[in-house]
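Step one of this worksheet: look at the structure below.
Letters A, B and C mark the chains in the order given here, with residues in each chain numbered from 1 onward.
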Amino acid sequence: MKNLGAMFERFGGVNLLPVLVAIVAFVLIGAPSSWVTLTIAGLAMGMMIFLMASGLSLIFGLMDVLNFGHSAFVSFGAFVAASVLAFFGAWLGGDSVFLSGLALFLAIAAAIVVGLLGGWFFERVIVKPVYKDHLRQILITMGALIVAEQIILAIWGGTPTSVPRPAFLEGAWIVGDVSVEVYRVFAFALGLAVYAALALILNRTRIGLLIRAGVENREMVEALGFRVDRLFVAVFMVGSALAAMGGAMWAGYQTLISPALGAEMMIVVFIVVIIGGLGSIEGTLLGALLVGLLGNYVGFLAPKMALASNMILMMAILMWRPSGLRPAIK
Amino acid sequence: MTQTPTIGALFIKAVVLLIAAGLLFAPFLFQDVRALEVAARICVFIVLVASYDLLIGYTGIVSFAHTMFFGFGAYGAAIALKQIGNSWGAITLGTLAGMALSLVLAVAIGLLSLRVKAIFFAMITLAAASVALVLASQLNTITGGEDGITYRVPDLFKPSTKLFTDEAGKVVQIGGVKLNGKLAAYYFVFATSLALFIVMLRMVGSPLGTVLKAIRENEARAEAIGYRVVAYRTFVFCIAALVASIAGSIYAVWLKYTGPDTALSFAIMIDILLMVVIGGMGTMWGAVIGAVLMVMAQYYLRDLMSVAAEATAGIPLLPHLLEPDRWLFWLGIIFILLVYFFPKGIAGTIMDKGRRT
Amino acid sequence: MSLLSLSAMKTSIGQYAVLHDVTLEVPEGGVFVLLGRNGAGKTTTLRSIMGLWRPSPGSVRFRDRDITTMHTADIARLGFAYVPENMGVFGGLTVEENLILATSKGKFDPVRLKRVYALFPALEKFWTKQAWALSGGQKQMLAVARSIIEPRELILIDEPTKGLAPSIIDAMADAFREIAATTTILLVEQNFEFAKALGRDMAVIDDGRIAHRGSMADFVADKQLQDRLLSLSA
């Protein structure tokens, strides 16, 4: 048992978990082509969930602020992107890859801008007055979430909205007897690129250094002469923008979105950050991939267990590691 | 505990007594079907909100799983009444089953997450509650899925039951109110709710309440003095869960219907949150005031809003926000403002008044 | 004019007043030692100076400028360095990153860096190691090194010898002597031997009030006074 544990650590420790899940699923599913399809879907889903969750994790890590309204940005991102895509419907339908690509870019950019502005407003108006007061923080951000959901209902209505996609992201590539949906590959690649950029910023720049140090010990960073509260506004805005971007991509993935989207994703996002450990993007990525993969595998094997499986995963991991798989060092 | 009560506190207690009297005579004071529905809902929600207040107000931890426990109680009673038949035994059995399930889950969640980090608790309870909601709507065969369950209740509560008859065999009326089964059902709700509320009131007045307050004020210090904070919190979480579960069973008996919307939905959780914050956390009296105001608003404010929506029909977006369905928008804003400016809620704020006089 | 002057500071944490009335003048240059029993208010005094807790009422003046309500970061920018009791080392960052964070521009002054290497050779050796992997003594060295990697006006140090081996304590004392030649150190200590060797002026805090203020030499000579004020720690 001890040897097994040592071997586990040597080969990457908790980072191996998604691989383990994939191997177990391979055995249970049996059919390799279904397994490949599910794995790609799981990875794509995991990346989109990562985008939604990373901001929440950093925001909590840096200022001990838990934003229950975070999922509002996911919803706004999704609906804004859907509206922009619908507005450029003619470009999407045309043959020009450039024009439909531009429409997609504009949709995601619009979601990001909405996320940045919303994040700024949220931090300054909603969260700032209740720093350091968890009870009121939870209540107020919850109140803000209710209001945000109502605004979405008032603007976009309660009926599901369909989301047009650029033609070049439609369809699937057929490799042997495996079909690979193009949009999933796109979502995975974009998510990976964002992760790489975040990791680079956090590990190679001075701002990143300040954020990592601030997550560990905010007081000490201030005692070294840096205003963490000003840094925090920026992190809050970027985190919200990432959530909105995740929402935008999720909208394209689902192609049919309803205002309940935010609330549904919120649960998943919470589970991901608890599993991954608050305050580190590596942990968030790990948690997101685990949840994405598990969700798809279980959805195939035992459809009714999908959400409950995430819950069971969370409980199991909390019993094993009470602070999550890879929390920031505190 | 030997402080003389403030004028504000006396005022709040007088208001609560007035509400209690109003609920006691509700069938005779407001003689229409809707008013009785409102009164019964108020009774159940006072208990539900007070039990939530035990948790949030007296220990400072936020749970989003309170509706889950409420739902367990409601579904327990509902399933038992449906499967076994409309007997008192079924109600008892269903209530106990709901309580048992609530207790098991409360212990599990409490021990697992209260030990870890208080902030996790809110997230984990939220996740647990949503899983319960999904399960309830998926397990069609047992829970009736989205449609819920309708069932019959003991004969005593049937509207056609005559509690007292005169010589002609007709039901006796007092002040124009028929003494029928509907009345019996209401007084069943009222009496059980009152009993539960008094039990909780006794609990916060006991040494337990004092310990809880000490933990809420300064967790580290309470721990240092030797109180086992996790144990106390888990205990209170269990008590709150049990009371919520019983309240669910009572409501199920009153409604004769149980479905996701009446027993498990997140909207109920939001209602509870709004009630406890509007009324005032940590006072018990606040639960009464919050529940009364919110339930009344739910039933009567919407009418007002549809009038307002029509009046503003020409203005963009505003009529959309004034639609009766959008009333949560306004409540949300009121909620945020209250948490900012009156974190003690109505009861807490008024009870502080007149402290120096 | 003294470098730092605290007047009638009362600091409360929650409902409990930890400091009742702290009035103290810290002159420029050398090591000023603040002694006191456990829970007397030493750490709270340092935190109140840094703006991490707010005295009310009371004031903190630095070079005759009122800094009582300034933000911690702005106080630090005036030339304060703070080495907290738990050292405040960032475990997830490397030794290099810990030190570079303590520079205002993100660049090292080569002369100062050499001096840090000379004072604490272990830091050079573990330059690229994550700080959580350092020993307690090495962490303390890193924490002190952070406070001298740039020129500072005043260094606040909270119990640097706590839990350290005697050999490391001696090295630390040498380092402090050298640092104090060019700047002012306000040192909070329970280890009287360590404090005695370094301090020029000193004060004793007891139950949130300054109980004694004088020169270290006089205090060392007065055994009775020591017994009365430090019965537990001396």
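Note that in this section a residue touches a chain if its C-beta (ideal position, glycine included) is under 8 Å from a C-beta of that chain, and two chains touch if they have at least 3 such contacts.
All figures in this text were calculated on a predicted structure; none of them were measured in a lab.
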Q | Identity of the chain that, by mean CA position, is farthest from chain C | A | B
Q) Higher C-beta contact count, A-B or A-C? A) A-B
**Q.** Chain closest to the assembly centre - both centres taken as Cα means
**A.** A
Q) Which integer distance in Å separates the CA centroid of chain B from that of chain C? A) 54
(Q) With centres defined as the mean C-alpha position, give me the chain A-chain B separation in Å. (A) 34
Q | chain A and chain C: spacing of chain centres that average the CA atoms, whole Å | A | 43
Q | For chain B, residues that touch 2 or more chains besides their own | A | none
(Q) Which residues of chain B touch chain A once you look at their complex with the stated criterion? (A) 56, 60, 62, 112-113, 115-120, 122-124, 126-128, 130-131, 134-135, 138, 266, 270, 273, 277, 317, 320-321, 323, 325-326, 328-329, 331-333, 335-336, 339-340, 343
Q: Give every residue of chain C touching chain A within the complex, in rising order.
A: 50, 52, 71-74, 76-77, 80, 82, 84, 88, 90-93, 97, 100-102, 104, 106, 132, 146
Q: Under the touch definition given earlier, write down the residues of chain A that touch chain C in their complex.
A: 206, 209-210, 212-213, 216-217, 219-228, 328-329
Q) Which chain A residues qualify as touching chain B in the complex? A) 60, 66, 68, 126, 129-130, 134-136, 138-140, 142-144, 146-147, 149-151, 153-155, 158, 263, 266-267, 270-271, 273-274, 304, 307-308, 310-311, 314-315, 318-319, 322-323
